[in-house]
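Here subunit A shows up in two complexes: once beside subunit B, once beside subunit C.
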Partner chain A sequence: MGTIRLETQVVGDIATILLKGSIDEDADFKELSELEAKVYEFDFENVDMLNSCGIRGWISFVEKIPDSKKVIYKNCPQIVIEQISMVFGFIKEGALIESFYAPYFCSSCDEEKKIRLHTKDIINMKAPKMLCEKCSNEMEFDDIETQYFSFLNR
Partner chain B sequence: MRTFETKEKLSVFDAVFEPVTIIKDDGCFIYFNHSFRIFTQMAPRLLKEATVFTVINSTRFDFKNFVLEAFKNDREMLSEEIDFIVNKDKKFAVLKAMPVLIGKELAVQILFNDLSVERRLYDKYKINMEELKIAYQQILNSDKLSTLGELTASISHEITNPLTVAKGNLEVLEYCLKDKTTDPELKKQSLQSSVRNLWSSLKRIHSIIYNMRSFLHSAEDKREYIRLEDVIDSSIELVRSLYLESGIKLLKNVTDINSVGLINRIKVEQVLVNLLKNAYDAIKASSEQNKLVSINLVRDQEDEKTIIDVMDNGDGISEENQKNIFNMFFTTKKVGEGTGLGLSICTRILDSHNGKLTLLSSRKGETIFRIELPAIEASSYSYSESNLNRLVNKNGFKILVVDNEVEVLNVFNTIFKDTEYIFIGSTDPKEALKFVDGMNVDLIITDYEMPGLNGTEFVHKLRDKGITTPVFYLSSGSNLSKYKYDKDSLNISGFIVKPFGKDQIIDTIEKVLEEKRGAK
Partner chain C sequence: MKNNTIISNLLGDENNKRLSSYIASPVLVKNDYVEDADIILLDTTYSGKDFEQIMHKSGPRVLLISHHEFEKVLFDYLCKYHLNHVIGQESLVLDREFQMHLNYKLTNTWPTIPSMLYPDSEIAEITIRDSKLIDESLDCLFNRVIIGPFFDSPIGYLRVLGNELLMNAFFSSQYNNKSRSEKIVLDCDIELSLGVDENFLVLSVKDPFGTLSRNQLIKSLERGFREKTPVHKSGGAGLGLYMTLLSTNQIIINVKPNHYTEIICVIDRSKRIKTFKGRTTSFNLYEGV
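Showing the complex of A and B:
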């Protein structure tokens, strides 16, 4: 998809920033440094790649957001969840991970699906039961729960 | 061999950042950590059904054989950097494989050093660096053209003088050929004098144009051993007429005529011309009656560097401007009169020579710009090392050549270019002695007849320091007797007769170094 593009919308005190593309060495978050809001919602739905250089840039940006501001991470794809556990600082201290995508597999349909979950639905590090839209059978969680949800313990 | 009592003990790798997997000899997974799962972007249920050979798909790396070798030889195996496809993504990594025991079952543990990001950046920025180098070269050339443009009026004036002399002498020749009355002997003398003057004028014009062309000559960063006084002279030559026309004195003061640098002559000349041109501009505008610019060269023995100061007695640079003069595009000249690139380019050129440019002082009556260049031994070493790094082989043997003739050092420079040897040149045996104090070299080739210390005296001092490095004498055949005399007492390994060829040098060195490698 190419290097990151940022679509920002400010309504009242809430700034919603939609990130699209790759968070890599060319990602530039400078345009967000002028943003003034009480709440920052970062939507990662359309992030298709991130590497260590891009993460560094992200951390450098997110650190500068004053602690008094509320920061929310939404719709984090699997690649972002995987990085959260590996890199300190990706999630700003005190920030909320509202929603993310988790891998499921329907053995009847032989299909992998990414299902959007809310953090509040995860209890005791267990993936909630999900039914396949096609065959209505219960899907299995397609990763190791303790590892995938470890970010909730940070 | 590392042993894990049970499979459960493998959970020690769960928290490790690097992808780790443990496999059987057929490639089936016994264990993989979370990082390995992320690295392959494959669900655990798929990994359990696959083998490592199907998951890590490389066309140029014999992964199976790599694993087999680890099993067979019971030792750690390290791969070269390999590329492979993982879940449709191209990745780069170095693998380390080692045999382990899980209970009683023999297995192989593989660690992956994921270099994909580094490789991506390297490939990406290699192209950008090439483009930057081209852009930089264009800026350098543009600066040269700009300087030359400013000097053109004086250069054309410079050519006019010998042309006028040539024209005058041609008229004399013409007259002599037509004249039938003048005494033949007198006519002959007149003709000879005119021809000599003509040659002299033509040589002068040729030299001016040659200097201009050499100055403009762009492209590669070729370094040679060059007497720094020669570079000062050719730089002065380019600006001389400017100074003459304006009645500004330009003096040269060289305290060490033997000062040699391993430099790109054209680039260092560009630095000097820039400084001389700046000094000229500054002093021309000043109120000083006895306008003077001097260029002084001294050798700093203690710090092992050569210093060239360009000094003018103009009005000085204001404190405010002093902070900015080395910045790109900063200029105090009017629009169209200067690009502001000169000093930043000079700084860049000297940085690339491991030297530096500073404004030593600037007040009314005295402004000094100081060029510092490292001793040639240090320059040679760092230049060779950087060339060697480009050849990838970083384990080059260091060869020190001591010869007061720069031409000989340049021959060696050419011989050792693109080889695995680190070549260090020195024109002064005393400086060479200081150098070997701080740096182990593997071989020394020394001229015999040198001012200050001859070969015997030089090697004596080496051996007195406890330096047992093999030494070759390099000289004409007339000094063979010296070699025979010193061979045993000073442990001289051999004698190279001048003139010598490249193959002869390489063969000789190979023999000595073969013994050394064997000893290591």
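Showing the complex of A and C:
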């Protein structure tokens, strides 16, 4: 998809920033430092790759967001959740991860599915029960819960 | 294989039952520690009091099978001893991995993608000289190989692996302190290969510099696992090898100093991402190949 593109929409006090592409060594978040909003909502749905230099750039950017601003991470794909677990600082301190995608596996259909979850649905680090849309059987959470949900303890 | 090759077999009962059949003649096998043995087979259940002595005296000749998480393997073994071969106990293809690395050690050879895969496996190769063509080159490579049934999606992990290893290759030695946004055009090739068979999906990045030492490798991993934060200076973020380790099931490093460095990453075939994530990463370093 190429290096990250940012689509920003400001409604009232809320800036919603849709990130598309790769967070890599060429990712530039400077344009976001001019935003005047009380809430920053980062939508990661269309991020397809992160490398270590891109993560560094992202951390440098979020560290500069004043603590008085509310920061929300939305629709985090699996690769973003994995990076959050691997690298400290990817989530700004005090930020909220509102929603993310998690892998489930349906044994009947022999298929993996990515299911969008809300953080408030995770109780005691346990993945919520999910039914397969195709066959209605219960699916198995297809990752290690303590690892995948470790970001909740950050 | 030289005459009178000796293997010191100190594997626990479980691994011994499973793996000893792969130790074929004309090797001489001793079921205790032999200091002069060509290879020492050990696993992390070993309870002998001479463990430290074995590791200090014979580290590079030890092939260790570990049930520990890689972070523990790094700090308890790789940082403390000159150990170069660790195989994750939970590997679904433990037999194949074990046999492969034992054979390389016995014949004094080293892994290459063709030697790791079954004959007639699909292998694609590409060369690259321009650091701004990394992503395009990876896409080109991925489009040339049919990977077959896997969890969703190993290509995502291969993209991270390929990107980190290629960036390291381009920015090793003379360009190490340059900003990673700078375009580097080399006057030599970096070789990128992708192969697949019924067990493995294998990616290789090979540079013609050979500047990666064991010491640098272990230091970089140690910093990554300990700090889990990027280095905020010019140059790399200091997390590339750490992220690579966490995104692969097996890592093989072949280094011939001042000639080449090849890093091979293997993703074991599975339809379950839990299986991919649930095993200890195997680590195999071949120095001076």
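The rule is short, and it goes like this: the second predicted complex is superposed on the first by the 154 of 154 C-alpha atoms of A that agree within 3 Å, B and C clash if a C-alpha of one lies under 4 Å from a C-alpha of the other, contacts with A are read in each partner's own complex, and residues count from 1 in each chain.
The rule we apply is simple: contacts are C-beta pairs under 8 Å (C-beta built on N, C-alpha and C of every residue); 3 or more make two chains touch, one makes a residue touch a chain.
Quick caveat, the model's predicted, so the values are computed rather than measured.
Trainee: Between subunit B and subunit C, positioned on subunit A by superposition, is the outcome a clash or a fit?
Mentor: clash
Trainee: Looking at the overlay, does A:G2 come into contact with subunit B only (first), subunit C only (second), both, or neither?
Mentor: A:G2 sits against subunit C, while subunit B stays out of touch.
Trainee: Quick check on the superposed pair: does A:R56 touch subunit B, subunit C, both, or neither? Answer first, second, both or neither.
Mentor: second
Trainee: After the superposition on A, what does A:M86 contact: first (subunit B), second (subunit C), both or neither?
Mentor: The answer is both, since A:M86 touches subunit B and subunit C.
Trainee: By the touch definition at the top of the document, which applies to A:M130: first (subunit B), second (subunit C), both, or neither?
Mentor: After superposing on A, A:M130 lies clear of both subunit B and subunit C.
Trainee: Could you look at A:K114 and tell me whether it touches subunit B, subunit C, both or neither (first, second, both, neither)?
Mentor: Once the two structures are laid over each other on A, A:K114 reaches subunit C alone.
Trainee: Report the partner of subunit A that touches more of its residues: subunit B or subunit C.
Mentor: Of subunit B and subunit C, C contacts more residues of subunit A.
Trainee: Is A:I65 touching anything from subunit B or subunit C once the two structures are fitted on A? First, second, both or neither.
Mentor: Neither partner.
Trainee: Taking the superposition as given, does A:S22 touch the first partner, subunit B, the second, subunit C, both, or neither?
Mentor: After superposing on A, A:S22 lies in contact with subunit C but is clear of subunit B.
Trainee: Check the residue A:L96 against both partner chains and state whether it touches subunit B (first), subunit C (second), both, or neither.
Mentor: In the superposition, A:L96 contacts neither subunit B nor subunit C.
Trainee: Clash-wise, after the superposition, say which stretch of subunit B runs into subunit C: 91-99, 379-387 or 469-477.
Mentor: The stretch that clashes with subunit C is 91-99.
Trainee: Which subunit A residues contact subunit B in one complex and subunit C in the other?
Mentor: In subunit A, positions 25, 51-53, 82, 86, 103, 105, 112, 142-144, 147 sit in both the subunit B and subunit C interfaces.
Trainee: Provide the residue numbers of subunit C that touch subunit A in the complex, in ascending order.
Mentor: Going through subunit C, the ones touching subunit A are 135, 151-152, 156, 159-160, 163-164, 167, 179-181, 227-232, 236-240, 242-243, 246, 271-274, 277-278.
Trainee: Spell out the part of subunit B that touches subunit A in their complex, as residue ranges.
Mentor: 14, 17, 34-35, 37-38, 43-45, 116-117, 120-121, 124
Trainee: Would you pull the subunit A residues touching subunit B in the complex into a rising list?
Mentor: Within the complex, subunit A contacts subunit B at residues 25, 51-53, 82, 85-86, 103, 105, 112, 140, 142-144, 147.
Trainee: For a test of understanding, state which residues of subunit A touch subunit C in their complex under the given definition.
Mentor: 2, 22, 24-26, 48-53, 55-56, 59-60, 78-79, 82, 86-89, 103, 105, 110, 112, 114, 142-144, 147
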